[in-house]
Amino acid sequence: MIVVMTPHSTKEQLEHVVKLVEEMGLSTHIIHGTNRTVIAAVGDKRMVDKTAIEYSPGVEKIVPILSPYKVASKEVKQEKTVVKLQPHGSGIGGKTVQVIAGPCSVEDRSQLLEIAHQIKDAGAVGLRGGAFKPRSSPYSFQGLAEKGLEYLADAREQTGLAVVTEVVTVNHVERVAQYADVLQIGARNMQNFMLLRAVGEQPKPVLLKRGMCATMEEFLLAAEYIINAGNPNVILCERGIRTYEEYCRNTLTLSIIPAIQRVSHLPIIVDPTHGTGHAYMIEPMSLAAVAAGADGLIIEVHPDPEHALSDPGQQLTPSLFQQLMHKLVRVAQAVDRKV
Amino acid sequence: MIVVMTPHSTKEQLEHVVKLVEEMGLSTHIIHGTNRTVIAAVGDKRMVDKTAIEYSPGVEKIVPILSPYKVASKEVKQEKTVVKLQPHGSGIGGKTVQVIAGPCSVEDRSQLLEIAHQIKDAGAVGLRGGAFKPRSSPYSFQGLAEKGLEYLADAREQTGLAVVTEVVTVNHVERVAQYADVLQIGARNMQNFMLLRAVGEQPKPVLLKRGMCATMEEFLLAAEYIINAGNPNVILCERGIRTYEEYCRNTLTLSIIPAIQRVSHLPIIVDPTHGTGHAYMIEPMSLAAVAAGADGLIIEVHPDPEHALSDPGQQLTPSLFQQLMHKLVRVAQAVDRKV
Amino acid sequence: MIVVMTPHSTKEQLEHVVKLVEEMGLSTHIIHGTNRTVIAAVGDKRMVDKTAIEYSPGVEKIVPILSPYKVASKEVKQEKTVVKLQPHGSGIGGKTVQVIAGPCSVEDRSQLLEIAHQIKDAGAVGLRGGAFKPRSSPYSFQGLAEKGLEYLADAREQTGLAVVTEVVTVNHVERVAQYADVLQIGARNMQNFMLLRAVGEQPKPVLLKRGMCATMEEFLLAAEYIINAGNPNVILCERGIRTYEEYCRNTLTLSIIPAIQRVSHLPIIVDPTHGTGHAYMIEPMSLAAVAAGADGLIIEVHPDPEHALSDPGQQLTPSLFQQLMHKLVRVAQAVDRKV
Amino acid sequence: MIVVMTPHSTKEQLEHVVKLVEEMGLSTHIIHGTNRTVIAAVGDKRMVDKTAIEYSPGVEKIVPILSPYKVASKEVKQEKTVVKLQPHGSGIGGKTVQVIAGPCSVEDRSQLLEIAHQIKDAGAVGLRGGAFKPRSSPYSFQGLAEKGLEYLADAREQTGLAVVTEVVTVNHVERVAQYADVLQIGARNMQNFMLLRAVGEQPKPVLLKRGMCATMEEFLLAAEYIINAGNPNVILCERGIRTYEEYCRNTLTLSIIPAIQRVSHLPIIVDPTHGTGHAYMIEPMSLAAVAAGADGLIIEVHPDPEHALSDPGQQLTPSLFQQLMHKLVRVAQAVDRKV
């Protein structure tokens, strides 16, 4: 950490800050510049609450040098993490771009089974579907709960697809983990630290969605919570951020893919459905995500989007999904990967 | 709701949409404009998932007419809600601007008692302090938990201040409600709908912080969850939003005060501490909040900010807080209120 | 346009608004809903300043139905615009993805010629280079001015590449147009309406960069200014927007590509250099842009980025550029286009 | 400036960067930390294009220590700048909060004179009004041009109010300066550097509006352009930034007032009209701005907002303005200032 003193700070103020820094177990180097004096604090500063120093008289600002995440970073683990999806062991984070698909909410057993077969035939390896739905409005459909989990398990039985479903509260973790192969943490819960710890304390892989206005640092710190609690199988998922843009529901920021790959060993997939909010954008943005290096995609597919009970306007039909998969294969090959 | 058809939509497409709208229990009026045909759908549309129609062929966009919140709105209740704070019954939402103060985290019993007396003497009516702290990094101080709640209750005993503390998970609601007078829902949990429902099902008032990138509509829908679950005593709290601005930790948007007051009957207070992230901004922004019509303030005060265990850089000392209270009294009078 | 009245608006207020709307030359339809009365105003409303009505007593809000741009929209012209680049007539907006490359600033004649040959050999059709540089700080390098334009013209002479360079003020338009084949309007000038009109009144194509926080609507309205002034040859360029994200200089939003293509006939290219601000992100984001359907790319290439006089950290070396072009060819083929 | 090396950087890379830094005329201090090696570069770094170093192999990031603005900063000039408004010499930046008011556009001579008298009587010291209007749509009213300037000069003659009007292009600077007492640079031109220099080369004070998504640093750098060109009389004006918020046209960020006052000697005023976009928010946000320490306000007032030719929905009537001025007097007193 670098502490920058104000231009008119006194010798006493400098000494006070040096003392404060050393109380934290760090050693100090003082550099007298042309316009400013700075103190370089040396040591492992991740555990220190740096703002204390910022408040001291004579301090202009402090500048952290180390990123605050550790076990999620490449510094600690160079080789890429490949997360295995049960029941068939397809890996996310390897050469193959994996596709997870399915309806926004689980609504009906036979419909779910039908769609599971369709996406499986089109090349997907995972089945997504919400049993517990977090909805902005209390008047919206909230999901089938336990019943939905059972249907998802039936679909896995029949198709071999890995089941991915959201868990919204600590109390549900155990129950959802009985049915699901991957536990999803939704964007709204990315900083629900109790829940992060709870999914970190069980062994099933976790699909962690980026919060609606999370920085990359906060995103990786959320992964850090899960890994720290004992579960290294974290799949990151970009799903768009909130900006002023009006033509899309969220602004999908694909440049986070190379950014994450530069600093972290965790795989990253993209959700073009929530990341755009419009069915017509899913295909171009899916192709773009793969071209940019994404390790996978999670896409909403519904047999009859017009009558879907949640988010109908942004779900693909099975035939549009199949068409997308054909194009994905070609783009993946063009960047030396496969689907 | 208004459905706008594309310029080249067909008669069949129009009829299909009309049918879809009517299936929702709404009646339709068709208006043929110069460039567009629009369908006005009449009825109470809050319960309808409007995006289904958006997906239909020939539809350009749909435009909601009603706001999605209801019980939080002035349409349902014109007179302003005044939330009573126990033990002494001071009301938030009336003529008096109420001030809640205290340390970011509860750290130490005697320190907490001391500060409680100081803020009480300065004119505060509530004592805030975190016992369970949601922190971005797993390496930061996470709070004293139950011990912290006990200290807070002791401080209330001695001072008569209402205790305001955060609840971070459904499992804690009952326990926290035993000690606290007001349950705080933090910004990160504004859309933790399970938690909203849980605090809605108990009787203590709820201080609901605005999410870091919540729209006003989402903020009021979160309040709607609580009220719908049975608890009408919701205090809204603006605490800054995330923007690109670099000179502050969050961008405090005071214009939400008149905006909320125009559409909702709920009281709204301001948190200038998290809303700016810098101790030197707390005074001017507190005065501004009161001038803009805020019903109260919640401010972090710590006897020794330099050595605080969380967020030291943004907490006021008791003497700066006292000085602020003197100025607040004057500004409140200038806008015909009192502190 | 739809005018929504407040729940308690009076009959007189309604009549007043109807009168106001009709004074604008629009006809009105009144619809009495369950909770609201709305007025549908029919006619071509693009020319009307709608906010007048918003202010009238009893009005809750107004909702525009038509987009405010016209000649830039597909409603007026269905077939895609292909902008020809001189001297060789390559078209932007057709099947071929066109690449424009070159240094941020023109710095030196022989260096520019060298790089022009290199990018030409790698497959580029246009040469970019700033002669007049708009810089945030008055202390930064401001460009070679006229001298820079001459060097660019020399490079075209030798390579046949179309010259693309920025014009920053009305007074320079004529002079820059003598040298350049395409006039670039920078992001900071996207709403410099005098300048838009000036480049609209001359015949050379215009590359219009999206403003740093422009909406899609404002972006197309800026194009509308140019087309309205007489010049239909507008190339749109996405170059990232400002958000809270900290890992990139700007947030590149590729979903604007399908969004623009849905409503406008204008070609759209992508600037991954400014759109990310980091050299290591240029390749993945270029590939992603082409996969998403971009009509071209504009990329900064410098023979010695470390010693470049402007934006060194985000320029590619010629060999990295060549490598990128090889990959672009493959991705373009995968989406049935070529480079 | 601090250069942070990557964890696995080599000795050669370190030496290379040290050489690069020293070529810039800076001296270096190398600090070997636990996890990172950092280089502290000492000297006046404002003139250096730091990104060159960022690109060097082995560099993780660079951290600037000095702010990039100089003459706009308190380091160079401690005492506050007070800008005198002619013809009567009222100062902006002193103890009195100055109010500038008037219509969005100048539309009609007698109407302008009437409103000038009204705002003068209510206590304003400046008259604003647009003669050249930058409008997002080419179909909107663009102003009366020269005629508008003459009417403004007439109004000054009759009332003694200082005339504040916008200049939109370099070519108009001389002409507008003949009529106006203060030249306004609009938000869209905050980074029109040619224009900044042009208004810096003439002696009339400049009211510089913050760009729609400008950082504080960019805002002060824009002021720096003007001061550097020879004109120290710059009045900063906060007018809201673009965010995702939907209840207002812009998000007014009052916390920039204390932030600017901490680092710069320039006066800062607030535009609550554009800063909110809604007439009903002007009063609370004006009071809040003064409570937060603003040196003045610029407010749109129109005798008949419903029929105004531009931005009718956000202009106050003269009687609402008068009422606001009464309240402003009280709030100003409460913070030891006057109106």
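As written, the chains take the letters A, B, C and D, and residue 1 is the first residue of each chain.
As a convention for this text, contacts are C-beta pairs under 8 Å (C-beta built on N, C-alpha and C of every residue); 3 or more make two chains touch, one makes a residue touch a chain.
Not measured: the values here are computed from a predicted model.
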Most distant chain from chain A, judged by the mean position of its C-alpha atoms: D
Cα-superposition angle relating the copies chain C and chain B, to nearest 5°: 180
Rounded Å distance, chain B centre to chain C centre (Cα mean): 39
Gap in Å, rounded to a whole number, between the CA centres of chain D and chain C: 26
CA centroid of chain A to CA centroid of chain C, Å: 31
Of all residues in chain C, the ones touching two or more other chains: 213, 242-244
Interfacial residue positions of chain C with respect to chain D in the complex: 20, 46-47, 49, 51-52, 54-56, 68-69, 134-141, 168-171, 188-189, 191-195, 212-213, 218, 221, 224-225, 228, 242, 279, 305-314
Complex interface listing, chain D residues touching chain A: 2, 4, 7, 29, 31-36, 38, 40, 42-44, 63, 65-66, 75, 242-244
Residues of chain B that touch chain D when the two form their complex: 213, 215-217, 241, 243-248, 251-259, 262, 275-276, 280-281, 284-285, 287-293, 327, 330-331, 333-335
